[in-house]
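Next, two complexes with chain A in common: one pairs it with chain B, the other with chain C.
After this line comes the complex of A and B, so read on.
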């Protein structure tokens, strides 16, 4: 009996093996990714690690519609030339289905034309630059986070509502983040743009923001918009407190992390700060009992226990990966690149675990900015207090 | 002359390379060129792209080699000239509709001028001080490219996107293959011209300055002229490489041309062998491929792995690829004598 079944097995095996091989190619979804694992921006590469871990969890849970996810992530050192080389390796050698969550504005801009020419989806590019949501010119490229310009408009709306007669001082980082956000702020102020009394820029290489703050204070402004990254944000908060300057303090969300900015700057000095958000801050105690954040923490416990949960990049990577999984799940068995773009462009009211209550992912054939809503929040005690309604920073008007 | 200056001037920064060792022999050159011509026929498109990048970096490393290996001056500012070349080509192509091939000599000329002008104040500096001055140039460049005044042309922080050229005359080859052969021809022309330059009267004058500045001027060499000339030529060639790099990558942005690029080129020169022109391509291959190899070992520690590989190479092959080439040459000669 045993020998008989063994013989049957050997007879059947060639056909079986063939089936397995063709099935295996069909049973894997290959996703390509670029991250600055080395070089000056390597702190952001935590996003890639979290995404890798998230897909591992999805695979352990049985994959997407029975298919396993293979996440191939290469180092581009935040260098556009290297990014082009690596993305071509992903598309031409590894034959990835799509490129997901590549990090950075210059690197995404460098690969944008190539991917659109090859008609490979460039999904959820990790940059807030407006150029990654332009379906007419680049139908295969979609961003994810709120565009910096949307955020600027939201602050403009808020300032016009609370201090219509105010004088505004702006400190911004001299790169695409700073320039784009400032443009959004000015567009939002419209014909009231003259409210901006003084704008100062700084370079990332500068050692300190103190001199800028002193000059901004001297301008006599009573509203301060700080478009700064974590190190400079913390220095600015400290410097303003030391100079006894207490304007309506608006901090850009890129550096609104409690763990990375406010605590180092001093919680006393941070009281009353205003910012906008779309993600829940994992170090904020108010989300301790939130169902979505509990799933987030359970995932981290199992798959990335050593990461710093206060790092905004961790929640970012989790949210983006979850959103991609949703797109692939909706694509079902039609894993053509065109169908994936179609699914990505028809998300309505989808809410990943890490988004704030009331904020959802919305896309359409003519809207390639998945998240455009923000909520204002004010720092009080040891956490951010949300206030006001969900504000739409739509750029299409 | 103060004691400090003497100390600085006495240490000869670059060791003497006899000029007959500057280039490859005829047979070896033919073999290398044949290999470079045939390689794309069997390689995939993205490998061809990588090889194109190797050739482009090889041109830039060669330019540094002329400056450092030829005239004994250090530069950590090559990325600045590379950036000027890249932006010149990009702006000419996108804003003025100039043909890509025509932009290269213009970029080269602009960079030659920049290098020559920078060479004038740099004359007063030597050794490590010159390295520092050029370092300042490299750190300043990305900021200059972001300036508001130039934003209309440079695209500011967003950079410029360039259209990749098609093969002309309806040749049946992909854009990548065409660009590879185009870059190959340009790099061969530059290589031959550079070898001839170093073998000429001017080249001998530069090497005399490298070996001993005082002796050279005693022999009647116009030290100031040849030092600035070396700077100009080096910058011009780097500018051509920058222009080619912009066309191949199809994108220029200030962040592409940071000090990291200057250090990579410097590294390529050391690994290839200082003063040995054919080593430029080996050095270029090193800076393109070794980071990828390091990444295969470990993503989180790719920088450390890269460092270990680099230390091993410097420890085992202090003269770079030149050392390997000489060893192989000796073996071939021995075999030839026996047979």
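After this line comes the complex of A and C, so read on.
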């Protein structure tokens, strides 16, 4: 078990009386978090490290309304059973005020019922599954990044604008990610949903996606939407190039990483791919003079100098942590869990440093999807180039 | 018709992956009379070793040969250290050992090389083969290597003393010991050869599926299906089984409505069960007669 804060250790001491906890609670905001520090998804745990560093910076600057932030982050190995066990520990032993930015769809789904039952805020769950923005069923759960359905709607708008007569082939992973994004795509196409000539799903246990690509090509489609995770995304890009199939190639954001997907698949084969973005790319020179990104780089220089700034997870962790600090700041001295949720659900036009210009965080009592806008980008040479306007993928029309 | 031919070609291309793996499965079955569940992970680990050697600047064929040697030695060592002491233990103990080995190798590879996918080079290139867009030169090369491997194995088991001794040790251990064959070392040799063949399979499969610690998970199940279909005692049957499974899976995916997407893996598993019920020795396996 990895503990990123000494706070958990002090709290475990039996000498600590109840009264002391509540007195300390007046000066300390205790935030719980789960990350896959071990196991196959461990690459994402950089998000937790950045968040930890961000709260350290906030503490060094005097904290939030005079209170220190204690960030208690446990390893769940991306395992739902372990996530439940660890979140119980966070809530019952560490007595955290809220659980922030737990990583992953299966893990967040596993702790969602428990946290709602306990009425503990599950804020800014690090997953794009649409189920984390359903205030009626789960009033204590809120996501952060654009939900996959929004992303699907954005692609639908883009396709309708650029290839209105197109025939679309879809390859999707048979899970929350794939089905959510596909639903968004269909909803976005509306009465033009018949443009989808063929949809193929694959299971993560399959060795390769090559056969699917052969069938999708045979469908005669000239637009291909690839809702795939990194390994299958790379296989698909490679297979489409090998089959000499050159549709308008839309790659879902989850596997749009240059280092983890496009480079292994081959940069030649990746030319012309389109995807969508909501964060500024830290390696993109166009943001050199951007005030937000200058703050971002200054933070990294001081608190996490050794991280790879090109890794999308770094900007993600920074943006989510900054957004939480904003919510806590607005909560003022009323740090009740109900007020935290109320503040989180009344953000309007808030822009963390790392979001693209024109994209803002917007929530309401009936809108628990903080970010729903994206901008299209095209892969050219060795980097992504943004193009076109900010596209709104709002789920409630 | 065009789609049909294309699907068969594409099926053969994926079938080559399964055939390669099935060959390694049969090899270990010949030696120890069990399936080795850690076979895929051993192959994956060997492939990572090859990748690492290439990262250090060793040329492809150098890395290839070194990896073969490493895998052979690794296979022998695993047998000597882990499975020889279990020699007389019941099958279940072996199965537990295989599964432990599976988990250990997978985690160690993840720890050492992390879980992001890596590109693995192909010695054959990846341009279209003979103008066909469905089979690349790599896949054609893979089929070629599988067939060459098959012929070598056939010659080895049919005509060399040591090959014959290995067969004897596996099928009639008692009699083999009586004629002076060191059956214990024959088993270790079988492990070494199975590991070496597995490493070839891994190095051929990795350019298609990309190298990562879980790359063999799906492949091994299809490899088992292929080996069972062709007959666990027949290397030739395993290779034919591999191609059949690849083509069958692809055609079923294309032409049986509703099956294609969600039930691809169950098709492989249903095939295992069906063959075991209808013809337990597989298409080309020997019928084993036991005197009672």
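We take it that the second predicted complex is superposed on the first by the 357 of 397 C-alpha atoms of A that agree within 3 Å, B and C clash if a C-alpha of one lies under 4 Å from a C-alpha of the other, contacts with A are read in each partner's own complex, and residues count from 1 in each chain.
Just so it is clear, a contact is a pair of C-beta atoms (placed from the backbone, for glycine too) under 8 Å apart; a residue touches a chain by one contact, two chains touch by 3 or more.
In this text, all values refer to a predicted model and were calculated from it rather than measured experimentally.
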Who does A:260 touch here: chain B (first), chain C (second), both, or neither? second
In the overlaid three-chain picture, which partner chain does A:205 touch, first (chain B) or second (chain C), both, or neither? both
Under the stated touch criterion, which partner chain does A:39 make contact with: chain B (first), chain C (second), both, or neither? both
Quick one: classify A:235 as touching chain B (first), chain C (second), both or neither. second
Chain B versus chain C as contact partner of A:114, first or second or both or neither: first
Quick check for you: in the superposed arrangement, does A:77 touch first (chain B), second (chain C), both or neither? first
Quick check on the superposed pair: does A:174 touch chain B, chain C, both, or neither? Answer first, second, both or neither. both
For A:88, select first, second, both or neither according to whether it touches chain B, chain C, the two together, or no partner. first
Given the touch rule stated above, what does A:106 touch, chain B (first), chain C (second), both, or neither? first
In the superposed arrangement, what residues of chain A touch both chain B and chain C? 39-40, 174, 203, 205
Under the touch definition given earlier, write down the residues of chain A that touch chain B in their complex. 37-40, 73-75, 77-82, 84-85, 88-89, 91-93, 105-106, 109-110, 112-114, 129, 131, 174-176, 179, 203, 205
Footprint of chain A on chain C - complex, ascending: 3, 6-7, 10-11, 13-14, 17, 110, 114-119, 126, 128, 133-134, 136, 205, 208-210, 212-215, 217-219, 221-222, 250, 253-254, 260-262, 264-265
Complex contacts: residues of chain B adjacent to chain A: 44-46, 49-50, 53, 139, 143, 146, 156-159, 161, 245, 249-251, 253-256, 258, 260-261, 288, 291, 295, 299-300, 302-303, 306
Residues of chain A touching chain C in their complex? 39-43, 174, 200-203, 205-208, 210-211, 214-215, 218, 230-231, 234-235, 238, 242-244, 259-261, 263-266
